[in-house]
Each structure stands twice: as structure tokens, then as C-alpha cells.
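Next come two complexes, and both contain subunit A; in the first it sits with subunit B, in the second with subunit C.
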Partner chain A sequence: MSTGTQLLVGMADIKVAKGPATFTCLGLGSCIGLVAFDEQADVWGMVHIMLPEAFKDKPVDKVGKFANTGIPAMIAEMEKLGANPSRMVMALAGGAQVFKFGSAASSRLDVGARNAEATLEILRGMRAKISAQDTGGSSGRTMIVKSDTGVVTVRTVHGGETELCCLRRGRRSVAA
Partner chain B sequence: MSHTVTIEQIVSKTSDLPTIPAAALKVMRETQSSSASAASVARIIVTDQALSARVLRLANSAFYGLSRKISDLPEAVVVLGMKSVKNLALVAGTYPWMKRPLTGYCLGPEEMWRHAFGCAAAAQIVARMSRKCSEDLVFTAGLLHDIGKVALSVWLENKMGAILLYAGREEISFDEAERRVLGYDHCQVGFHLATSWNLPEEICSACLYHHTPAQAAEHQSVVDCVHVGDYICSAMGFGLGGDGMLYPFDEGSLTRLGLRPEQIDAITDEFVEKFEEYEALFLEIAA
Partner chain C sequence: MSEQTHQFGLMEMSAIREMSNIGLGHATTALANMTGKSFNMEIPNVETVALEQVPLMMGNPEEVAVGICMPIDGDITGHTAFLFPWESAQDLWRMLIGTAPETPGDIDELAASVMLEIGNIVSSSFLNAISDMSNLKLHATPPMVSVDLVYTIAASIVAEAEMDEAIALALETRLYGMDDCATTGYFLCVPTLSGLNQLFRALGIAEAA
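Coming up: the complex of A and B.
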């Protein structure tokens, strides 16, 4: 069933909503889909992160593109709708990697692992509550969030759609 | 595992095999000839009404920002450049079958197209940064690198799950699993198709070695660019399908191209910026 506004979160997009909405983050390869929720304010946010960090020598065209600019920007947008970062719970998915790098390959090449690590590091720095994560592996993912139930699901081609977590109180589980 | 169908049988028994329009192939060959001119390319284009209309539409599009209308084909070729005309001809000629779903690889409508066009755009950026080979040739090689999947897809239907399980159990890449289960992989099938179309050797090599670039004895720079482009567009989630990122990445490609791992983020960033611009333009003109 569709619930409220349908929000497609494309590459480098940040989408926020207060009230009923369904967020869909399509085609996550090495990218990260991050969802945040403040239940008291009933405000949701989602960002589709492509790369870990903005370039020092290039202006940022879309803040949602990078973990270090996208996460603060998503939170700022949520605050405008009345959310409070200290009350937010979050979940993330994506960060897939290629099957195998050469034995002496540089870790710089593993964009998926670096995206996941950069995202988690920023969230840890904010003391954010991370409810669940589904990162790594070699499959593309689609992340779907339904605000009315609070359920976050992850769909893969072969795994089908599975529930990652529920961000609403009562059913919520908090992981490290 | 047993392999009962040969590549030749796959190609001969697959109905609705992809084709490239004759005019597009002729334009590609002509633009690679040392005697090519705007007039000689225009003479080929004029034989294909749909292609002629597209070339004129592109030359008159806002992208080129000309103040006057162009209605003369040779002039349109001059405005666009022969390489852009060739790319337009190939993209427009392959789009009708590339946009179809490939259920054997779990690719929905447009996903194969986005992966092929994405790989072409990313590989072209890599070629420009490396200065080791023609950006234009690399674009074409990137566009066509996975044509083997189009022929093999129907034979993979209902087998994808088993091949993925096999790859996972044996801890091997998807192309290796294809070879063990079917006797060949999509790269070999693509090479067979490309050679049967008499495509340039560089493009045939890219079809065959895009997952194993170190094995390419010739045209390795083109193969390396396509290998890196394929990785970048897959990492960004373009047309991952069932085989997803179950392929190895050979850092040797970057080394041979004179690029450093630290540059991968910048290439990725430029790719995503350019892809959106190129895709909008080509779909407006070519679709």
C-alpha cells in the first residue's frame, strides 16, 4: 500500500517529509542510502550518498553527494521541519563492493567500503542512534521506508524485499 | 557441469538478436578512415532518413546554441564533429534493443541501456585523463562491451539463481561461473557477435577482455578504459542486475593508464555530472 507522498531519492538527493510518505532509494551500488527519523516531531529524512568526502579543490554542486556534506545538510533540512538531532534514529544500506580487487590493490578503490565507513564515522561523531545497517556484499540494493509504519526494507534482485528494521518506538531495535 | 550449447548455436538460435543499422556501421567505418570528410559522412547519413533527422535535430538543439537554423547535412556534420555524429548514430541505432529488459540478467527496462551508456561515458572520461587512446573509440567500446549479455540473456532465464549460488559456493566471479556452467561467458559471446559484425578490433577486444584486461594482448589501453568505466558505472548502481558487482577489479588497468587510485573519486564525480547531461541530450534526440 502506498502511504502519503512518494519520494524518489535519486543520486545525491536529500528528501525530507513530515507526516505520511514513502521514500525509495533506487539502485544503491557502492552508494549509501541513509534514513533518519525523529518520532516526536514525526519528521523523516533520507540522503543518497555517492562518495565519502567533498573535494577540497572543487565547489560542491550537490551537498547530498558526499557523506561529509550530505548528512549535516539532511539533518538541517529535518530541523527546519521541527526535528531535533538528539532524538533521531537512523538506518543505512548500500556500500556494495566488487567481488575481488587485485591482491595488492589500494583500499582507495573500494568506494563502497569507504562510503560506509565515512557515513558511520560521521554518525558516531554525532552520537547518532543507528538502529540497523545492511552494507557490503556485491549486490545492488533498493531501500524503502514507509513513514506510517516506520518500517525500513531493503530489496535485492535475489533476496527479495526484507525488513531491515522499524524506526518507530515499540518495535525499534538499536545496534552499534 | 555440462555444456550442451555452443556459442555459435547460441547466436544462431537466438531470435531477435541485436543488430546495428547499416548506416550507423558505415558511419563508424567512414569516420575511422583517413579520407573521411563532412561530405563523405553526410553522404552516408542521407541514406537513413531517421538518422538524418536526428543529426539535424542535434545540430539545432539548445546544447550547441547556434543562432541560426541548420538544414544542410554536411554543415550539421561540421557543427557536431564527425565523432559526435558517429556516437549519435551508434547510440540511436542500439537504443531500441538496449532499452529492453534482459530478464536472464535480471535487468529491467532501460537498465542495460543505462549501464552501456554509463560505461561509455565513464570510459571516455578515463581515456581523456589517461591520454593513452582515442576517447571516441573508447566511447563506442564502452557502449558495446556487454552485447554478449543481450544474446545470452534468454539462455540464462531460470538459471541465474543457480549460477549465483554456484559462484557464491565456489567463491568465483560471475563470468567464471558462466564459463563453468555454460562453457563460455557473456564476454566470449559478445566477442563472437562483434567479430561477426566486423567491428573494429579494439571493440572486439573490449567485449572479450573487459573483465580480464590483463589478458588483452592488443589494444590494452582501450580495454583498460572500458574495465575502469565498467567498474565506476557499476559502483554507481547503473544496471547492476543479478550479477551486480560479482566481477573482479584489476588495479593494473589504472597503473597501465598512468592513473592513480586516488583519482577514482574525481573520475566518479565527473562521470555522474556528465552522465545526467549526456543522457538527457541523447534521449531527447535519439529515443
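Coming up: the complex of A and C.
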């Protein structure tokens, strides 16, 4: 198959791959989809973050659930496949407030904005290279990454499908 | 493995199932009164599941739906939500205002307020029924509406619920129109663990160890 492995990255999931793969983060609302790529090692990783920070008084049931545990865990998984964090480029999408109608909608504690903020802060702390970001607003996003082309696309119910970025520096033609 | 799929005893589970059955019966009647159509509902499915599984439990996760979310306040806290697949939401609009938005992008203030009102009435009926049975105070808070994929809506509710407190269980059911009415919808309730324990105490059921 030209598209390689199909990886569905559900809530709190971390998926990594070396070689051809298609990653899909379905229906990101307040959640964040973060993809990282080391071109030299040809290793990809994606995490579907639900919440900004692990609860201090509770055990972490799934590391991928929180930004502060999920990002390091994804990078560690990628390193096992030979990736080097200093070479990684990243892109993120999500962090919306999908409940846009209703008097209470704007005053609610906005998990989406907090997720985006926490993710960016962690990435900045690591001096990660962020190629593109599509966060905030009120539309849910489905994020699709095709490893062969390096193209990251974002699909919304209201706005259709758009290309967010290409994480391969040398954009190469799709191998048949 | 998830630490947050708290296990309840048979007694607790059947109490939740019975209460939600009665509560949803009231909610379904309220929807029928509003629309003038008959609705039926399935026996609620009460499951202690990891919250991240919930978005996959409500029909087709990639389908566009209208979601109405209402946080619960009072002696029990948590979230309730109704999800109507897009075509069912259009049915509801036609029943109530005689016309429906053609695409999710066409929703105006009137159409949104119809859904907010459905949420208000249906969720309040559910909460009132539980309140009457348990003598606990429960308040419906102002509803919020979203139009997006089922997965997106459910995931956003679940994330907010988890932010409040690790969750114990989700109860979920499908309601559907009778006779000439093909409307279907999903109901979701995610109470907090402390809220549930409060309910068990009010009902005189010993808390499971």
C-alpha cells in the first residue's frame, strides 16, 4: 500500500511510526493533535492531548492524556525508533471551544485554550521547531498526516479541507 | 490500565439504571410534549468506562451532529448532553419552527435558541425526576450548543468533565421517534464520583468499597 499503515490516534493515544504511515486525529474539539517528524531518521509521532496538565493528586492512567506527560512520552517513543529531538519539526491543531451558542458558552472555563497554551509552553521550553499551528476558534478539526508526502491537512465540518503545512523540507513525490 | 473506571456494586449499578430510566422517561415525555410527536427510548446503557472511550459509543463518530451540553450543579455535579445527528436535528427544527437550516453553516440565532430550549426542557425534566426521587438539589445550568462531528462534541464534553473530577461512569441511551417520526438522539450523563456517592447516600445504599 502506498499510504502505509493507517494509524487512528484516539483521545489520549500516542502513535509513532518509521516509514510510510497515515496518522488521523479524528474530531479534535478542545483536544490538541500534535505531530512531530524527524526527517533524517524518517520517524513520525502523534499525540492526542485531552488536558493541559496531569492532576497532582491522582495517578496518571494514560500518559497521552495530558500535555505535560504526553509530549515527553511521544518524543521518548520516537527516540526509540532512532529520532533525535533536536531535528524534529512539529505542527499542532485543535484547542477549539466548540460550544459556541448559548449565554454560558463564552464564560465557561475554556479547556481548549488552556490545552493550546500548555502545549505551546512545553514546546517552547524544549525549543521545538513549530512549523505550523491551527488552534482556537469554534470548529472541531480532523488532522491528517501523510508521512510519504509530509503534508499535514486539517478538515472541519464548516470549512472543508485545507493544507496546514508540509513537514518534509524536500517535498518529494508520492512513491507509488 | 485506567484507574478511573471506578467499579460499583450490583446494587449501585441497578439504582443508577433505574433512576436514569425514570429520569429519561420524563425527559422523553417533555420532548414529546414540545414536538407533538411520540418518542421512545432504549433502556439506558450504564457503563463504567474510561472517559476517552465515550466518544466512540454514540452512533457514528464521524457523523455531523447537534450537541446540547448542560453542566449539572447542586448536590450532584457533572454533565448531561443530548446529541442529535444532523438529519434528526433538522426534523426537530421543522417540528418546532416549521423550517430547518440546510447546512451546519446556516444555523442562525433562532435555530440555535431552539436547540438551547430543547436542552433546557429535556435536561431539566431529567434532573427534576432524579431530584424528586433522591431529595437532592440539582440545578440545570444554562445549556451550550455545538454543531460538529459526534466525536468532537463528545470529546469536548468528556475533557471538560474530566477537568472537574475524574469520572466514574457514563450513561448513554438512544431515543427515537415513533410512527412517522424518524428522529433519533443520544443522551449522555457523566456525573462526578463524589456526586454519585452523594446520590447513593441519599438513596440509603452503602457505598461500594
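One rule holds for everything that comes next: the second predicted complex is superposed on the first by the 156 of 176 C-alpha atoms of A that agree within 3 Å, B and C clash if a C-alpha of one lies under 4 Å from a C-alpha of the other, contacts with A are read in each partner's own complex, and residues count from 1 in each chain.
The criterion applied here is as follows: a contact is a pair of C-beta atoms (placed from the backbone, for glycine too) under 8 Å apart; a residue touches a chain by one contact, two chains touch by 3 or more.
Quick caveat, the model's predicted, so the values are computed rather than measured.
A.B. asks: Please work out whether A:160 is in contact with subunit B alone, subunit C alone, both, or neither, and reply first, second, both or neither.
C.D. replies: Touch status of A:160: no partner.
A.B. asks: Which partner does A:140 contact after superposing on A: first (subunit B), second (subunit C), both, neither?
C.D. replies: Both partners, subunit B and subunit C.
A.B. asks: Who does A:125 touch here: subunit B (first), subunit C (second), both, or neither?
C.D. replies: Neither partner.
A.B. asks: So in the superposed three-chain picture, is A:61 touching just subunit B, just subunit C, both, or none of them (first/second/both/neither)?
C.D. replies: A:61 contacts both subunit B and subunit C.
A.B. asks: Give me the intersection of subunit A's contacts with subunit B and its contacts with subunit C, in residue numbers.
C.D. replies: Of subunit A, residues 11-12, 26-31, 50-51, 55, 58, 61, 65, 96, 98-102, 104-105, 108-109, 111-112, 138-140, 157-158 contact subunit B in one complex and subunit C in the other.
A.B. asks: How about subunit A: which of its residues touch subunit C in the complex?
C.D. replies: Touching subunit C from subunit A are residues 10-12, 26-31, 50-51, 55, 58-59, 61-62, 65, 96, 98-105, 108-109, 111-112, 115, 138-140, 142, 157-158.
A.B. asks: Going by the contact rule set out above, which residues of subunit A touch subunit B in the complex?
C.D. replies: 11-12, 26-31, 50-53, 55, 58, 61, 65, 96-102, 104-106, 108-109, 111-112, 138-140, 157-158
A.B. asks: Help me check something: in the complex, which residues belonging to subunit B touch subunit A?
C.D. replies: Result: residues 106, 160-161, 164, 173-174, 231, 234-238, 240-242, 244-252, 254, 261-262, 264-266, 268-269, 272-273 of subunit B touch subunit A.
A.B. asks: Where on subunit C is subunit A touching in the complex?
C.D. replies: These residues of subunit C touch subunit A: 1-4, 50, 52, 55-56, 61-62, 64, 67, 69, 104-105, 107, 112-113, 115-116, 141-153, 155-156, 158-160, 162-163, 166.
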